[in-house]
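Please find one structure pasted underneath; my questions will follow.
A, B, C and D are the chain letters, set down in written order, and residue numbers restart from 1 in every chain.
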Amino acid sequence: MGIFVERNKLTTLEEAAKIVKDGDIVAVGGGLCLREPIAMLHELIRQGRRNLHIVGTAHGFDVDLACGGGIVGTVEETHVSFEQDFGLAPNYRRACESGAVKIKESCCNTIINQLRAAEFGMPFVPMKSIKGSDEIRFHPEYKEFIDPFTGKRVILVPALEPDVAIIHVNKADVHGNVKIEPPYVADVLFMRASKKVIITTEEILPEEEMKRIGPTIPYYEITAVVHVPFGAHPTSCYPNYAYDRAHIAEYMRAASAGPEVFKNNYLDKYIFGVKSHADYIERIGGEAKMRLLASWKESREKWMELFTYG
Amino acid sequence: MVNGFEVGIDELFVVNVARTIKDRSTVFHGVSSPIPMVATYFAKLTHAKDMVYFGGVSSAVDPNPPFLPYTTNDWVMIQGRTAMVTVDKIFDLAQRGELDRSFFSGAQIDKYGNQNVSLIGTPEKCKIKFPGGAGGCNLSADCVNYTIWTTRHRVQRKKDRAIYTLVEKCDFITNIGHVTPYGSRRDLDLVGNGPDWVVTELGVFDFDPETKVMRLRYLYPDTTVETILENTAFRPVIHPDVRIMDMPTKEEIELIRQIDPLKVRQLEFQPEELRRKFYI
Amino acid sequence: MVNGFEVGIDELFVVNVARTIKDRSTVFHGVSSPIPMVATYFAKLTHAKDMVYFGGVSSAVDPNPPFLPYTTNDWVMIQGRTAMVTVDKIFDLAQRGELDRSFFSGAQIDKYGNQNVSLIGTPEKCKIKFPGGAGGCNLSADCVNYTIWTTRHRVQRKKDRAIYTLVEKCDFITNIGHVTPYGSRRDLDLVGNGPDWVVTELGVFDFDPETKVMRLRYLYPDTTVETILENTAFRPVIHPDVRIMDMPTKEEIELIRQIDPLKVRQLEFQPEELRRKFYI
Amino acid sequence: MGIFVERNKLTTLEEAAKIVKDGDIVAVGGGLCLREPIAMLHELIRQGRRNLHIVGTAHGFDVDLACGGGIVGTVEETHVSFEQDFGLAPNYRRACESGAVKIKESCCNTIINQLRAAEFGMPFVPMKSIKGSDEIRFHPEYKEFIDPFTGKRVILVPALEPDVAIIHVNKADVHGNVKIEPPYVADVLFMRASKKVIITTEEILPEEEMKRIGPTIPYYEITAVVHVPFGAHPTSCYPNYAYDRAHIAEYMRAASAGPEVFKNNYLDKYIFGVKSHADYIERIGGEAKMRLLASWKESREKWMELFTYG
């Protein structure tokens, strides 16, 4: 919710991050190991944002990093892990188990339909599921209701309108027209349901070129545009790069060793100690690394190798 | 030495899960589901060629991934697809009663098939945090049926206690089975019919039609009813005709190895379980 | 003979409607809306360049149609666009309170701005069927504001009766104005603020802030307060400072002729009205 | 609602039309002068289908023809006219005013959200509008409700699940994968919300080619596929053809002259008296006409001419 008509929305990570306020409900784009807005999370961690209420579906690196970086107050995701690859999310678990973050866990279709309600201007929508699950214990706001059309029990879930969505995309123009490659995960929903939308983009296109290819989301939904090549690293942003499994392995070693090690070996090294996103890219391996991560398209074998290195 | 073609527990397990999939049905597997990931693609290539195959949250329709990856939301899983949909369309199918099968697991699974993927403790004071159910709370209610799987049926005996996965009662119900403290599926006006199969590394179960309690149907060549009872915290129903499961063919196993060169099918197993081999 | 540049009633009318559009606002015109179609595109090209312009139900964002067509759902209306959305997204904006303006008309328009586009009679026994409100019922409730227009303000005097478009009370309310028999907009918890301008071929009205009754603000060079009163079935409020509307510039009129070579702007007028000419 | 996995769904107009039963709720695709499934309506008229409950948003030729052809029992559209072009819809008005069809008029966002409810498996959704409008007199099924989250008045509208959607599309393969050019109008919604979906298509693509371009709707939503070039005539199916204004003018002359003239001069000539859709195309001007209607792309002037001829 919010209409943005400025002709040039191009700004810096630093300025764009200021749109996110302490305590905001923040929709974090991408999911699991795909197209998460990591550069923007770095900036929010650097700026010391606090008590963010993070919403999303099935996520991993982003939420774990945000928890480890100390910017999270509430987690309203449906799943946080590194899947079959590295398993449980160390910072996230610690934050939940220490009480540092409030757990408001949800389920994918519930979140999706709460976002849809916000997108559609509906105050709530009915769901046939949820009943019988203890997930209602995370959500005292849900209302039980008898559907007047069928007499059956449904759960009314309220519209979920994030204050800000932060989304990494493939292409954008300075007006804010956005092109995303599938899978969209919940990103299109996030952009339409949120009051403000900050995008980081791999590439800035001329407006005429964007018109030609047809934007996934039109400019008026977008608040700010930041040009951040490799802005999703170490998650993937295909076709540009696969996920950086070696980097995530390094992350996992630091995160699993406890908060102090994580601070010293990861946050200081890759977030607090870097001068810019370009500097970050240098630290994680620079051009050689980015070439390696782009090698997935060369052959099945090269692609498989990216799943085994690290 | 045993003669014959060697089959790993991981491969046999994949086949057991794949057997719960019917042709011409709509099937989706969720996140952190390496075995269902392999089993579903395997079924699509074998006995369920007309399955509508949603290959994970990347939500491609009928993909032909060049290999199976370590994360379900990777471009690998949208290669060779017939179409893309957005993932919400899969959940819509489910709430409409049109998603025939999905696959769920849990750190705890109770006798009625409820699963805990959320936490031990309470939402306010969480002792152990699990990853969360992703789409499971909704889909376990909505799917026409679903398959429960776990590779951790075997009890872990620690110094002072025994940790069961198959428990009498879950500490927290994330994904719902047949009967919950809030009522039965019918009481709750749910869309789906609940779990119909439970595949573990020790056996294969369905549910007793009367009591809705898990019922042992098949054993592995190296497990017995006693193995099941020792490793299960509740008393499962034992089907009068419990038998050893049928072995897959050599061709089937070779196909599994071909579609899963990274062996994601092994990731869920404890190393000692992977030593279990079978021969055909 | 009058000297100067000749302006048709249709062109002046288009300008009057365009003047109700603000820059940096979101604007949509519906079906069967030739004048709003021309006025909206005209505004986009002149004083409202940063308007978010939804060019009808074909739902292109900021199109640059090569000409304006006779039907709103034609590929003409998606040419030169910035983006496509599906039409439902425009209705969503409205229900979210983010669609700033649309345009509605009616066979009957009452003093509170309610409009009848549905029928005379009852749903069960319909005497005269009008085309229906398309998106009007929803959008008249949801849009931040909207413009009412009609080119049929002038009463039609038949042998035995007078047919007014501006009536005391609509036989049927399709699109809602400020006060309905069901209550005021506030009573009804509506999203939008209702119609703020009414443009007719005889004058331009807003609404009295107190009574919510239509209030005369501007006249054409060839109309008077008496013209209005004669042709209106209810007693409109007369603003103390009623004046003749400002004339557009030559350049503005030339632009209208350029974007609308098929003269769709004239389609709604009776032939005798089109004889009305003004000079600048 | 309905999943269709048959590998070859290709059939004839005659067979496909049998999927539509007397009394069915039928979603008719396209809208106004764009991409309406006219060939399928011809077949339904020829087969003497009765008492159909037609749903849609803003329509014109299709609904007027269906009313004139006697197959309609209820109209749940939001608008039926020939717009600024030819104005009011003669057959539709007669049918409404004579009581031959039941008027269940609705509004675009209401219909859209009722279809969404069906698509999403929700029994109903809340709307903030409708209140204050007499459109509730057409819809005694709506329920007033106080939103428990905000305390505000909303209207609950039930899911609308058509029995069959009939949609004309640009491209399809025999499996049922469908490609539509924008604007989609409500067609994608119709296909997802309806129990069965019959499509007529300008073109049949090989499945590999469809994969390459990416279907708008995947095969499992589609019940039957019929190859009918020019199947939307006299409405447009861009990029293949613009609307046939001269034909619509001829139609309007017949329809405005009353039911007998309409039967003799239009239905007999173009529907009952034709042997096949190919025969119909011959009667309306054959290849020369279709070439003319494709001439829109040659120049602005050619395109404008198509709006003035007839």
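In this text, a contact is a pair of C-beta atoms (placed from the backbone, for glycine too) under 8 Å apart; a residue touches a chain by one contact, two chains touch by 3 or more.
Quick caveat: nothing in here was measured; it's all calculated off a predicted structure.
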item	value
Contacts common to chain A and chain C (chain labels)	D
Chain of greatest Cα-centre distance to chain C	B
Comparison of B-D and A-B by number of C-beta pairs in contact, larger one	A-B
Chain centre separation in whole Å, for chain D relative to chain B (CA means)	44
Distance between chain centroids, defined by C-alpha means - chain C, chain D (Å)	28
Chain B and chain C: spacing of chain centres that average the CA atoms, whole Å	60
Set of chain A residues in contact with two or more other chains	116, 120-122, 127-128, 152, 154
Junction residues of chain C, two or more chains touched	84, 94-95, 142, 191
Topology of the chain contact graph, where touching chains are joined (line, ring, star, complete, other)	other
Interchain pairs in contact, sorted by label	A-B, A-C, A-D, B-D, C-D
Complex contacts: residues of chain C adjacent to chain D	30-34, 57-60, 66-67, 69-76, 78, 84, 86-88, 91, 94-95, 118-119, 122-123, 125-142, 172-176, 180, 182-183, 185, 188-191, 261-262, 264, 267-268
Interface residues, chain D side, partner chain B - complex	1-3, 5, 7, 118-122, 175, 177, 192, 207, 210-211, 214-215, 217-220
Chain C partner contacts - residues on chain D that touch it in the complex	31-34, 57-58, 60, 77-85, 88-89, 92-93, 96-97, 99, 103, 105, 107-110, 112, 116, 127-135, 137-138, 152-154, 182-186, 188-189, 236, 238-239, 242-243, 245, 296, 300, 303-304, 307-308
Residues of chain B touching chain D in the complex	24, 26, 50-52, 61, 81-85, 89, 92-98, 142, 191
Chain D residues within the chain A interface of the complex	113, 116, 120-128, 141, 143, 145, 147-150, 152, 154, 156, 158-159
